[in-house]
Structure formats: C-alpha cells, structure tokens
Amino acid sequence: MRSINDIPIHVLSPDETLTGQAEAVLSEIADLLGRLLETGEAGSIDLRSLPLSPADRDWLNAKLGRGEVEIVLEAGGRSVLTETAYAGVWKVQHCDTEERVVSEFIEVAYIPAIVRPAGADIENAYEKLQSDLKQIS
Amino acid sequence: MDKEETLLDHMEREGMSRRTFLKYCASLASLMALPPSAAAAMAEALGKAKRPSVIWLPFQECTGCTESITRSHTPSVEGLIFDMISLDYQETLMAAAGHQSEEALQTAMKENFGKYVLIVDGSVATGLDGAYSCIAGRSNLDLLKEAARGAAAIIALGSCAAFGGIPKANPNPTGAVAVSDIIKDKPIVNISGCPPIPVVITGVLAHYLTFGTLPELDGLGRPKAFYGETIHDRCYRRPFYDQGKFAKTFDDEGARKGWCLFELGCKGPVTYNACATTKWNDSTSFPIESGHGCIGCSEPDFWDAGGFYKALSTPANPLKYVGAAAAIGVAAGAAVSVANRASKNAAKAAHEKTTLSDIEK
Amino acid sequence: MTASLQRGINALKEVIDAPVASFFSSCVHCGLCADACLFYTETGDPKYTPIHKLEPLKRVYKQEFTLLGRLAKMAGLAKPVTDDELESWSELVYDSCTLCGRCSMVCPVGNDLTYMIRKLREGMAVSGHAPAGIVSATRRTVELGGPMGLKWPAVQNVIKHVEADSGHKVPVDQAGAEYMVLLSSMEIVNYPEYIGALAKIFNKAGITWTLSSEAFEATNAGIQIGNSDLAREIVSRIVNAAEKLGVKKVLSPECGHAYMAIRWEGPNLMGRPFKFEVVHVLELLDELRGKGVLKMKDKLKTPVTLHDPCQIVRRGGVLNAPEALLKEVVVEFRPMSDRGKMNWCCGGGGGASAIHEPAAEELRFTAFKRKKAQIEETGVNTMVTFCANCRITLEESIDHYEMNTQLLGLTELLAEHLED
Amino acid sequence: MNEIEFLTWVRGTGLNIALGLFVLGMLWRLVEIYTLGRKKDLAPTRKVAGASGWHTIARRSMPPHSMLKRSPVSYFGGYIFHLGLFITVFFFAPHIKLVESLLGISWPGLPSQVIDAVTVVTLATMLLVLFDRINNPVKRFLSTFGDYLAWALTFLPLLTGFLAVKHLLLPYTTMLALHILSVELLLIALPFTKLIHVVTLFASRWYNGDISGKRGVPV
C-alpha cells in the first residue's frame, strides 16, 4: 500500500433514490417567489437544515439551473451568490477563510440581502471619500 | 478589551466588515436551527451585546473538552465569540498559576456576583467528602457549590459534567456525579459529548449573548437545537439502513461500500447529537463517515450501556435463564400432570355404574 | 334418585382429556361458532353461542386440571360449579344443542365443540339436570327395549303384514346371515314399508339377512342423554345378538343417532372392537348401485331437495352416497345452499326432539326458520331426508308453519321406484 | 433510572427474565395440557383422502363454506391482523438481526417502507377488531378482562415499535425500551392467557381433524 488512497474503500453514495425532499424544496421556492411578487418580502431556505441526499441535491441543482448573475463576496472568506435560471431565486454559499462551506441557502429576493451595503457603511464611505478628496486637492 | 465595549465596536476596531459579521450570523443561525430570517435580528442583538464574565472550572476531567474547544478552528465565528467573553478563570489556558490564579477566581466571583456564566468540565467526586479531586486543597464539590452561588447560569461541558461520564462508569470508585446532581437552584445547560462539539458551546454562548436567555433544552438539559435529533436521523448512511444494507464486519464488502454500521454496534439510533451535520476536525468527517459506529458518547452512562460493538437490537445474554426455566417449566408441568392423573384415577374409582335412577333427581 | 352434583363433577373429571384441555386453551372468544349455530342465528341471543354452552365444563377443567385453577380454587377465588348453575345450563346443553356439529366445522382454532358438549352431558345426566323428556325416553329404551316401548310380539305382527304386502320373506334369527338388520321403532310403527323395501333389495342382490328378536331396536337414548353406562347397556344388546348370530355385518337404519351409537360410539362404549362390521343402509344401497343391482323402473317427476341429517353425514361420514342415490330416483334435484357436511340441522337432533316442554318446542320451531328459508330458497315442495328423527322434527315444524312441503324417506323412495 | 439505563435493563435483565418466564410457562402449560391424554378410538376408521388431523391444521386456515359472508369482519380482520403481525415480527430487518444474533439463522427482510405500510394497516385493523369486539353482541357477551388484556398486550408492541421507528411521541431510546418492555409483557402473559392459542391451535385443529377424519369427514 503506497498511499492512503490505495486503501480500498469506495464509499458509494446511497443515492439511487430521491427522498422526495427536493421536490418539497422546489415548491417552497415557488411559494416564496409568489410572495416576493405580491408583497416584495424576501425569503430564504437553509439547505443545511434539510436531510437532502446527494441525489436530492443533484436533482435540485439541475432543476434550478444557472442564471446570468454571479456575485462573489470576499468577507471573512469567500461567498458565492449565484442567480438560478429563475429570476429572483439565488443560491448562496458562504465559505470561511479556509474555503470550507459554512452555510448554504436558497434566497428568494430581488438582490440577496448581504449584497446591499448598510446605510452606515455608505455614510462612512461618503465621509472617507470626502476626506480623501480633500487630501488630493 | 474593555468589558463595556460592544461586539460591534470590537468588530470595527478589528477592521471586520459588516458583511462578514452578517455572514457569521447567518451561519450561526443555521447551526442553531433558527430560521434564516433570524440572522439579521441576531446580528443586531449581538452587535449591541456586552462581554459577560466567564469562569471555567475543571473537575474530574481529561482536558479533552478544553482541547476540543481550543483546537477546533482557526479564527472564525467561534473565535469572535470567545473574544466576546471575558474568560476570567481557566486553569489550563490562563497565564497565572498558584495563588495568583486562585485570587483571580475569587476576584472574578466577587466582582461579577450573580452575573457570571460558570462553565464546568469534568464530573464531581463525592466519595470521601470529595477528597478524590481537589484544587488548591479544596474539593471540587466545595468549589462547585461556592462558584454556583454567584452564577447566572451554568454550562456543564462534556458528558462528565453533564451526566457523570466515564468517572461515573462502573464501579465508580470516586462517587462521581453530574453537576446537576449537586446544583439544583441554577439554570444548567448540559453540553454532552466526549468531547462535546465546539460549535455547540459557541452556539449556546451566542444564544445567551443574543437573547439573554438559555436556549430551549431537551429532557436531559441539552440544547434542542443540537440534540434534537439522533445521529441516525441525520446520518448520510441512513438510506442503507432503510434498504437493509448492513456492514457485517469492519472489512467486508458492505464496510467498503459504506453501508450502515447498525449491526457493528452503531449507537446512532439512540444518540442525540449534531455530529452528523457539524462533523469533526474542521468538518472533515465524523465517526460513522470514518467507518466506525457511533458509541453514543453524548448519552448518559454510555460506557455501561452494553458493548460498543454489539448491535442495538441485540440483547446482552437473553438465553441466560432459559435452560433453568425450561427445567422448572417441565417439572411444574409434570407435577401438575401427576396430580391430574391422580385426580382422574380418583374420579374413575369413585365412578358408580349409572342406573336409571341415577339420572333422576 | 341418586343423581348429585358430586357425581356430575366426578363424571366430568373422568371425561376431561387432552383434546378438551387443548380446545379450551385455544379459544379466543371470536364468536364464529355462534354464526354456525342455528339456535343463535335464528334467535340472535348470544347465550346460544356454542362455546358459552360449555362454560361449566371449562370451569371444572380449569379448577381440577390446571395449576393456576387449582391454586385459585384453594384460595377460594374460583367460582365453583353449582347445582343451580347446571340446572340453568340444561337449556343450553340440551334444548338448544342438537349435537349437530356445525360449530366444530367452523372454529378457526379447530375446537370440536360438539365433542365437548357430548362430554358435558355425562356430568349433566348424573347430576340430574337432563330434561325430563330425554330421561323418560332413556327409561323406556332401557326398560322396554325402545324409546316408544315397542315389544317383539308387536314387531312380529308388523313383519307378518310386511311379508303379506311385499311378497318377500323377512328372516328372523337366522344364524350365519351376512347382515343383521336393525330398525328404529319409528320405522316399525310409522314406515313399515321400509322393511318390505329392504327385503326386496336384499333378495334382488342375493344377500342373506336377518332380524334379531333380541335386538331389533337401533336407537340409543343413552347417547342422547349423554350417559355412557346406559348407552353401553343399550348397545350391548345389539352386539351380543349380532355376535350370537355370527353375522358379518350389522345394518344401521337411516336414523342418525342410531348410526352414531352403533358405528362410532359402540366399540368405545364396549371397550373393544366388534367382531362384525357396521354399515349404514345408504352405504349398502350405494354399493349395490355401484354394482348395478339397484335399477329403477321410473323416476319421481317432481323436483326435490335433500336434507342431510347431521349424525349420518357431517358426524357420521356417509358423505357421497345420499346424493348419488337420490339422483338415481329423481328427475330434478335442487340442492340447498348449505349442504352435505355443511348442512343445517332440522332442530331436533341430539335428543332435543324428545323434550316436550313448551319452551323447548317453541325454540325448536324458531330454529326451524333456518331450514324453512333453505327449503324456500330451492323453490321445491318435496324434500327427501334419511333420518327418522329428522323426519318427525321436520314434519312437526312444517305443520307448525303450515308449509305445503312433502317429506320423503330416501330408502323408501328408492324402494318404491325399484324395478320389480 | 434514565432512558439508557431503562433500555439497558429491558435489553438485559428484563429480557432474561421475560424469556425465562416465557419458556417456563410455555412448557409447564403444554405439559399440563397434553399429558391429560385421551382414549384410543376403537371404532374402525373410514379412510378418506384429505380427512386427517394434518389436513385440518392447514385447511382450517381457510374460511369454511359461506362463513366469510356471514362474518366478514371476523375473517378479514383476523386475516389482516394475524398476517400483519407475522410480517412485522418476522420480516422487519432489526428483528431478523435479533434472531440471527440468538440462533445464527437469518433470512431476507422487507424494505422499511413496506413494513411501515403493513404496520399502519395492522394497527388500524386491530382497532377495528377491538371495535367489533365491543360492538358485536356475541363477542361482547363472550369477552372477559382477559380478552381485552390480550388485545392490549398484542397492540402495544406493534404501536410502540412503530412509534419508535418513526420517532414519534417519545425519544427513540425511551420508545425502543417501551417496545421491548411491551414485548416482554406479551411473552410473560402468553402461556397464561388465550394468547397460548398461537401454539395450541395446531394441536386443537389436529384433534378435531383426527376425530372427524377417522369417520371419513374432511373438516
């Protein structure tokens, strides 16, 4: 045995069957999207809290597909926010500084909440820009 | 760090962005099984939170719990939370030693009386008036009673503090008991596990900081957010169990294919913990993923609950009395049989040939 | 007047055996036996549930032959069987049970309830709780030779008439004959044609036969009342006569319980196998039919249905002969829905027809509604049967309900249509 | 006693005691019943194909002519719940493992989903059967405390087993322990209640078939 990879363990994913959970997630997304249209209220689903099998995840990913927008956020590790083929439905994946996934959500919103800068931050930015300009001039 | 400083102040000083903080809160909410919408509220509350004083007392323990927490992660949300508390006494970690450290303890207790959080790891020895385990000449029992008096809440960290753990296992020579066996008048959170999962303590602290209360607990005093479901319920090998595919030995085809370890003694179905979702070693894996069944370490008296390698459905030695029982059963039956025969013979002997007059009364 | 509770319980202790113990242990109180019992189906009263009729026997079994029951009895926790209780049970064990055996056919755990009722009657009889009607029938059989008190000279008289009418000789006390023929008093008195028919058939087939002046009566009220000592006394007359004449076979008449008494209970009552074979008249006729000896000159034109007597068919095992024979002699046979071994009783078997109390007769008429419905379902006005006791019970009930159903005996019917 | 202690007790000492009492009671009762013996039948037998005790053991599992129509609840209810009990007891994977660990023999189990469905149907049928016992005049008339006890002792293991597998009502550990405990109660009571019919019915059918079979009547 030359390396650890030679140990003959081949874990098969128990994925022959869909649990039916993925379908439920999809219909919840549809509900949230409807609510977004009606009231403008955003919603999200914590994917980690659901016992989705690998097959469920693949199925869900295939169904949601890919949209036009991908946002990368560098904040204490990388976060990737991808629009799905359904406008307003986002896949949000947060990683830590070591690139481990720490949380995963489906967010149903015009723009994922975390993308929008906070008022205080804009205030700070404005002040900082003003002072920077002063220094230049 | 100033005790009056809020987390938000601290964050800004450290140059941490608001988005980073929001991201932590989202992850924390997910961990604590709170709805994603709670993240924003959490972020706001946490931002305004003040640092509580924490006193950490180690009793009959192996330091595994401390190791688990301190070695868990690179600075992340846990690190942030630990920055948020004022850890005023922790023997293993503190720089002070000897009298100095004892003074630190007394000071912390006095200054924050009624407000500090008390963390205990290790069981409490009660044998010989607690003489089996002493710190600076005082028994754990004594120390616990004193420290508990001024505590706002107690966190029993690890299975020893929560349930007595391995020191309490048969034959329990030190008379080890759980914190909750001694302290009855304070809110106690049991964070069981041998060792417990680091993010669980972070989650409990975050909850305490955010909402000012302890999280919802199960019947054994454990936070439901983490101990609400069994390992089995969230195990990725669960479908194999449902399909009836079981590894029979640790090196057979089934084991290689990653089938269910139920028959190899996995205690997943009776063990409430979050290992299957949070995992261990920087989220690398957890015991079942590494090919070994769960030993049920977060449950009371797991050490004495039948062998680790004996399937849950298998009784220990059920045919123990069967031989003797069979003998007694046959003997009882035979005795009745003899008596019955005698009774029938007596009836036959008492038989008088019926004549016509015998059928009229 | 020596019947007593103690004798009764003693008798029960003698007859309780492993099957009884097994049956009581197996009962799950499912109540299916009630659905098989015409006394329940026609009255709707749950007290007629067959297993309930066995309650006293069950308690004696438990209290005398199980450890827990014995302990309970010693501790005074067991409810003892009393005279009053047995008296009240008389209706359940005699009036409303004809030993028809239908419940034994349906019990899902396999309990033979009829077997147990027969045993319970042993205790009922010697504790003095048998109905007066059956007691007097038994008395007449033991003292006078038959339930109707018929004596040999009267039989001789009938024989003379039969010989004159039929032109066939009726042999009496012929040693070495192949068959000794038994009769029931009812046949001698009400259907003497039966004897003539037999004579004709025997002669045609060339079989030697005889009557015995010492034992012509086949019926055995000892079986009906449920007393083995008396039943043995009655059956031993036949056995002694047959063995004295040295016959090969004894021919049982149509009568159901007579066949039960001599064919199935007889050797067990005597405690030894017989030196002769017991044959039911229908078995003999069916055998002759098979040999082509039995030829009909014509057939009955009216459509008929058939009532199968319980003791001959279900409890006696003469399963196929009756229908086969009937089909020889009728143009149209319309069977009842429940037939053969699943037939419904006439309501008067097991001695019930001998109970002449008004309540028992009323109950018998109520139970007959089952048969009435069966007859009406077939839509025919002629019913054939092959048991004298069934015939009397059915006739009484048909009169009671003013039905226009004609009853025929199978053997007579055959004899009537037999080629000369 | 906490739940793991409880589970450990029922799996250990409790089961030892229950199995011991079951074997003791069963042998005692069977010896007590069958050593009563019976007289030899001296009447010459009439041999007919299909008429014997052995035939009746099998044949009596089928409803006799016209009885199904008369008592559909008793028959269908009886069939479904007996079959359901048989399937859940002998074809649920953990039960097979248990037998294997004790006796070393094993056989293929049924998928959990099938067992779930069978259990639900069986539970519902048992409720129906109980309802029938209370409602049907004959059954109500015949019923004693022992009948209701036997029903409960049979129903509880099925119910607790289902709740344990489905994680309903109580934590799994407690439910599993209650399940095992209920089975132990069933085992202990079996020889001393009507539940003993699971064994004696075979002998009873044999006797009945033998008695009639000797007369040439297949029953």
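Chains here go by letter, A, B, C and D, matching the order in which they are written, and residues are numbered from 1 within each.
Definition applied: contacts are C-beta pairs under 8 Å (C-beta built on N, C-alpha and C of every residue); 3 or more make two chains touch, one makes a residue touch a chain.
Just so it is clear, the model here is predicted, and its values are computed rather than measured.
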Innermost chain by mean C-alpha position: D
Between chain B and chain A, distance of the C-alpha-averaged centres to the nearest whole Å: 32
Gap in Å, rounded to a whole number, between the CA centres of chain D and chain B: 39
Mean-CA-position distance for chain C and chain A (Å): 89
Between chain B and chain C, centroid-to-centroid distance (C-alpha), Å: 77
Sequence positions of chain D contacting 2 or more other chains: 28-29, 32, 35-36
Multi-partner residues of chain A (at least 2 other chains): none
Multi-chain contact residues (two or more partners), chain C: 16, 65-67
Which chain pairs touch, all of them: A-B, B-C, B-D, C-D
Residues of chain D that touch chain C when the two form their complex: 28-29, 32-39, 41-44, 46, 48, 56-57, 60-61, 64-67, 70-71, 74, 78, 136-144, 147, 150, 192, 194, 196-197, 200-201, 203-209, 211-212, 215-219
Footprint of chain C on chain B - complex, ascending: 332, 335-336, 339-340, 343-344, 346-348, 350-361
Interfacial residue positions of chain C with respect to chain B in the complex: 1-4, 7, 10-11, 13-14, 16, 64-67, 70, 125-130, 135, 138-139, 142-143, 225, 227-230
In the complex with chain D, residue positions of chain C that touch it: 16-23, 25-32, 34-36, 40, 44, 46-47, 49, 51-52, 65-68, 104-112, 115, 263-268, 270-273, 277, 314-317, 319, 337-338, 341-342
Residues on chain B engaged by chain D in the complex (per definition of touch): 218-220, 230, 232-233, 241-244, 246, 262-263, 269-270, 272, 296, 299-302, 304-306, 311-322, 324-326, 328-330, 332-334, 336-337, 340-341, 344
